[in-house]
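Each of the next two complexes has chain A plus one other chain: chain B in the first, chain C in the second.
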Partner chain A sequence: MNNILVIMADGVLFASWLFLVAVGLTLIYGVMRILNIAHGSLYTIGAYTGAVFVIAYCQKSNWLPGSYLVLLGAAILAGLILGTIMERGVLRWFYGKEVVLQLLSTYAIFLILEDVYKLVFGVKPYYAYKPLLGAGNFIIGGVNYPRYYLILFFMAVLAGILLWLFINKTRFGKLVLAVIHDPEISLAMGIKIDRVYIVAFSLGAILAALGGAFTAPMIAVVPGLAVEVIVISFAVVIIGGLGSFVGAGLGALIVGLVRSFAVHYVPALELFTVYFVMAAVLLIRPQGLFPTKEVRKI
Partner chain B sequence: MFRKKFFILPVILVLIMAMLSVSAGCAQQKGDVQGKAPEARDETEKAASEIKIGIVTFLSGPASSPFGIPGRNAAEILVEHLNNGKGLPPYNKVGIGGKRIKPIFIDEAGGAEKQVAEFRRLVLDEKVDLVIGYISSADALAVAPIANELKKLLVVYDAGTNQLFEENDYKYVFRTAGHQILDSVGAARYVLESNPNLKTIAGINQDYAWGHDCWNAFRDAILALKPDVEVVTELFPKLYAGDYSTEISTLLSKKPDVIHTSLWGGDMEGFYLQSAARGLNKVSQLIFTAGDTILPRLRADVSPGIVILARGPHGALGPKHELDNWFTSIYTDRFGLRPVYPSYHMAQAILGVKAAYEKAMAAKNGEWPTTEEVIKAFEYLEFDTPSGVIKMAIGKGHQAVEPVNVGITGEFDKSTGECKLEKVKKYPSELVNPPDGVKSRDWIAKGLKTP
Partner chain C sequence: MNRTSQQTTLIVLLGFMVVLGFILPDWMRYLFTVALCKAFVVLGIVILLRAGLVSFGHALFFAAAAYSVAFSANLWGIREALVLIILGVLASLALAAIIGLLVAGYREIFFAMLTLAFSMAFFGVLVKAYKFTGGTDGLHIPSPTILGLQFSPEISSIAKYFLTLFCLLIVVYLINRLVNSPFGYTLRAVKENEIRVSYMGCSVRKAVYLAFLISGGLAGLGGSLITFDVGHIDPYLSYWTTSGEFVFVALLSGTGNVFACLGGSVFVEFIKTYAFKYAPYTWQMVLGGIMLVVILFSPGGLWALYENLRRRMKMGGKKFDAIT
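Presenting the complex of A and B:
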């Protein structure tokens, strides 16, 4: 029984991290129909900015909650600035172009940013572990967990709720839904699509940066973080259905739980199980578990 | 208005990047111009007074920070001192045999196929005299047959696979550092001596050749020395996984007496931080076989009670003697951090090459030797290094053996800025390396008997 509790806890905690990163990817695809390979670079800038700010903060203050606010602020700042530059500087020139061109452009951004990060941050690792080590612990199923993981979990839940409220309960969210449903009609009805795109992309970028910033205290922040993140995020959004927020949540949960079971019982199959689930979903429902509805035009 | 504002930002970014590229290009061009003498005769004279060495190490990617850059730094500082004749005896002759060393640094990132192409380019286009390099075992294994094919001397400086000389004979290839068996066997011996009642072990190692080889050697060595030990779990997270929370939960649930890991770089540091936050080191004895690099990085935040190895007698676990003090001081003065084991491995390679060339020259009354003569001098050579005497004792004289020192972290020492290493045990090379001509797998299976 204890072991099942531990497996569930591990699965849910990993899923919260995955959701934070993947929901931004699916939001950008849902609104703009762009598969953003540079999403991992947004995660990386969040990790670097979060680490740099937290290291500076911890040298001056021991008040732990302040470090979480610093991580939050760093992620919003980094995601907003880089997301806006990426959307306005590159992606807007590719709207309506072939998917291959869009993919290549985001791949180019990803490659360029990998080197830009090395120029700006160097190749030395950054350690920002004070928020992790200082947060204390709690027990599930007899196993020790850092309380910091709870912050990551609540951050994911909060992000999910706020995103849902924003999309479904605000005027701007309704405009976003209209653009998701049919960009051409939305334009004809007077919706400023450019503005919707900027907001959606920046929001997706902030979510990716949040994932990176709140992961920074658990790792050594080094060049090359982006690759792993983007691969598993794609698996999540493909399982859930590209463009679906609920799908991203469910996809993250499935991947988290399947991986957790594998690591505990058949560790040799850890990677296989995650991608086996993805392949199985693609076989049975090629559009994922919660596909967005396609409008058929006559 | 809105569009214009946002358009300015990327334009500025592109301009900055263009300026950076142009200035880098200018620097490159400047270097080229400075490297060329006005007359061809000067060029020829200069070439005759130089020994060109291709130095291949990770300059980008996740392996650059913990391994590649410390290796490069060691090469840079040693070449500079040797070229100025400022080495300690017996390395106080200028350069190598009086010829100044001209290093050509190459990035190891990009995979084995790229490294094969780079090696050919170094030999055929750059006309290097020899190549020192390779951290990745896959790269070393791919390049070794090419060195033989092109009849060019290759000195592998850090890659750990024991397959290099156990599966093949390479006349033109040498490795001046011990292979991974010494870490795994050293760790196994240390664990059993510290805890003779050991009952359970577990491993968390990266899911590629290095991780599997290290774990297999450690597990098999433990089972050969104490067959009743139970392996409770074998975890192989993928390379650069970053998150180890589920693996740590598994280890906390299984509560093995000992947890072995050969994780390195960011993976090792991530695993350490996440496990420290959950008190894994209070439940099980953690062994980091590549743990030396963590000490100067995490400083006071390394918990007491962790078993540390340094892939030989290097760094905090190294012998304190004149050559080590000199190397540590010139390195620390330049780079601000003490050398870590990849730096020592690079020093072993450069000093080994110098020793071999100068031995070959001595046999020829001071004349510059051919590659074949250097090879003959290099085989079974013994030479002094900051890590002590290195013996090219196995692999038909092409593979170095080293002793291994193992210690356990204690309290933080303000004077060194690192945790003290306590209960240090030194295992001579014959206890942690197979005898010449015996494969590691067979040696371990037959109970690690010394000759």
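Presenting the complex of A and C:
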């Protein structure tokens, strides 16, 4: 019984990390129909800026909640700047072009950013563990968990709720929905599509950076973080159905739970669980669990 | 290009490659061989691209063939290159036959991501099955015999080059036939509008499946050949960035012409080598930058650029017309 509890806790915690990382990807796809391979790069910039800022902050001050605010601020700053640059500088030239070209343009951005990070931040690892260790532990089923994981969980839930409220309850959110439904008609109705795209992309970028920044205290921030994140968040998003927030949440939860069961019972399978779940879901429901509807054109 | 001029080009190119095999310094011949091996995979990707499908997981077949060659060589002691090649290609064909059944119904991003997922799962297997695959350390493969002949190391590199060239010749011929066959045109039609294709009574699924099989087999051929040349394989052969590189080369070369893939493959291999040397920290940036410029200004690849130029020259004056 304890065992199950621990597995569930592991799964949910991992799922909240997955959701935080992947939801930006699904947002960008949902609005712009671009699958952003550079998503992992946005995650990485969040991790780096988060780590740099927190290390600087911790030398000055010991007030713990402040360090979380620093992480939050760093992520928003990094995501906003890089996201806007990416959208305005590169992606907008690919609107309306072939899907394959859009996919590859983001792949090119990913390649470029990989090296830019090495040039800017160097190749030495950054350790920003203060926010993690400072928060202490709590116990589930006889196992110690860092309290910091709760913050991660809280962040994921908050991000999900705020995003939902933004899209469904605000005026701008309604405009976004209109653009998702039919960009051409919305343009004809006087919606500034460009602005919607910028906001959506920056928001997605901020979410990715947020995922990175709040992961930074748990890991050594080194070059090459982006690769794993891209693949795993693709999987999560595709399981849920590209462009669906609920899907991303559910996908994260499924992957998180399956993975933690695998880790506890069949550790050798851990690496495949994500792909296994993805392949299984796609075989049964080709468009994912919550697909967005496509019009067939003849 | 009409038929005779195409044949002349082919013969000139072939003669050029044969001469290269003898005069190139060792390191350059090695690079050439590696580039040609990768060109097989690129050809495979191009076939799928012609149907509008982008595979981000072709490294899977590449690696599968390489590992089956390594197993046959190390466990069963098979040393004959031709046998090893056949085994490698068969292994990747078998994999493609199974995976193709699953992915043939998907398009665009889903196709890309599913193939990606399979190759990453395979990567996981290779890393985890330490006992058999040596994990991330990889495996060593002894130099093979070619037609029963064991060459000294210096001659062996030339022999491998010509083995690769020979396979390439056959493949280029077959692909050229394929591309201009009804099947080749069906693939192009699938890219344009697959619903219309099925209205005309063609099975889109079958066409895509067959294309996937062929391209998987080609990737397998490249994978088997590259093991002879490099002599060492590791799981990163099946990593998704390897697939990404193949897609990059395919895109750079464009889908218009088979020869463009060879040129593109050699070009990228050399760029990579020089970028490694002169810009060790920024070579990915160089690649990414080139890629962005190419897809922005010439979405059909460098070949399309050349074709445009040719057409313009033709329009410019009748003289050019008379020559070509």
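In the analysis below, the second predicted complex is superposed on the first by the 294 of 298 C-alpha atoms of A that agree within 3 Å, B and C clash if a C-alpha of one lies under 4 Å from a C-alpha of the other, contacts with A are read in each partner's own complex, and residues count from 1 in each chain.
Methods note: a contact is a pair of C-beta atoms (placed from the backbone, for glycine too) under 8 Å apart; a residue touches a chain by one contact, two chains touch by 3 or more.
Every value quoted in this text rests on a predicted model; they were computed, and no experiment measured them.
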Exercise. First (chain B), second (chain C), both or neither: which does A:271 touch?
Worked result: both
For this session: Mind working out whether A:99 is in touch with chain B, chain C, both or neither, as first, second, both or neither?
Result: second
For this session: Have a look at where A:238 lands relative to chain B and chain C in the superposition and call it first, second, both or neither.
Result: second
For this session: In the overlay, work out which of chain B or chain C sits against more residues of chain A.
Result: B
Exercise. Between chain B (first) and chain C (second), which, if any, makes contact with A:119: first, second, both or neither?
Worked result: both
For this session: Figure out whether A:84 sits in contact with chain B (first) or chain C (second), or with both, or with neither.
Result: first
Exercise. Of the two partner chains, chain B (first) and chain C (second), which one does A:283 touch, if any: first, second, both, or neither?
Worked result: second
Exercise. Which partner does A:110 contact after superposing on A: first (chain B), second (chain C), both, neither?
Worked result: second
For this session: For A:227, select first, second, both or neither according to whether it touches chain B, chain C, the two together, or no partner.
Result: both
For this session: With the two complexes superposed on chain A, say which partner A:6 touches: chain B (first), chain C (second), both, or neither.
Result: first
Exercise. Where on chain A do chain B and chain C both make contact?
Worked result: 90, 112, 116, 118-119, 227, 268, 271
Seminar exercise, completed: Contacts from chain A onto chain B in the complex sit at residues 2-3, 6-7, 9-11, 13-14, 17, 84-85, 88-90, 112, 116, 118-119, 123-125, 127, 129, 132-133, 137, 141-146, 148-149, 194, 198, 215, 217-220, 222-225, 227-228, 259-260, 263-264, 267-268, 270-271
Exercise. Once bound in the complex, which stretches of chain A touch chain C?
Worked result: 35, 90, 93-94, 97-101, 103-105, 107-112, 114-116, 118-119, 227, 231, 234-235, 238, 242, 268, 271-272, 275-276, 278-279, 282-283, 286-287, 296-298
Problem set entry | chain B residues within the chain A interface of the complex | 3, 6-7, 9-10, 13, 17, 20, 60-62, 64-66, 69, 207, 233-238, 240-243, 245-247, 249-250, 252-253, 265-266, 269-270, 273-274, 276-279, 297-298, 301
Exercise. What residues on chain C touch chain A, complex-wise?
Worked result: 49, 52, 54, 102, 105-106, 108-110, 112-114, 116-118, 120-121, 124-125, 127-128, 193, 195-196, 240-241, 244, 247-248, 251, 281-285, 287-289, 291-292, 295-296, 299
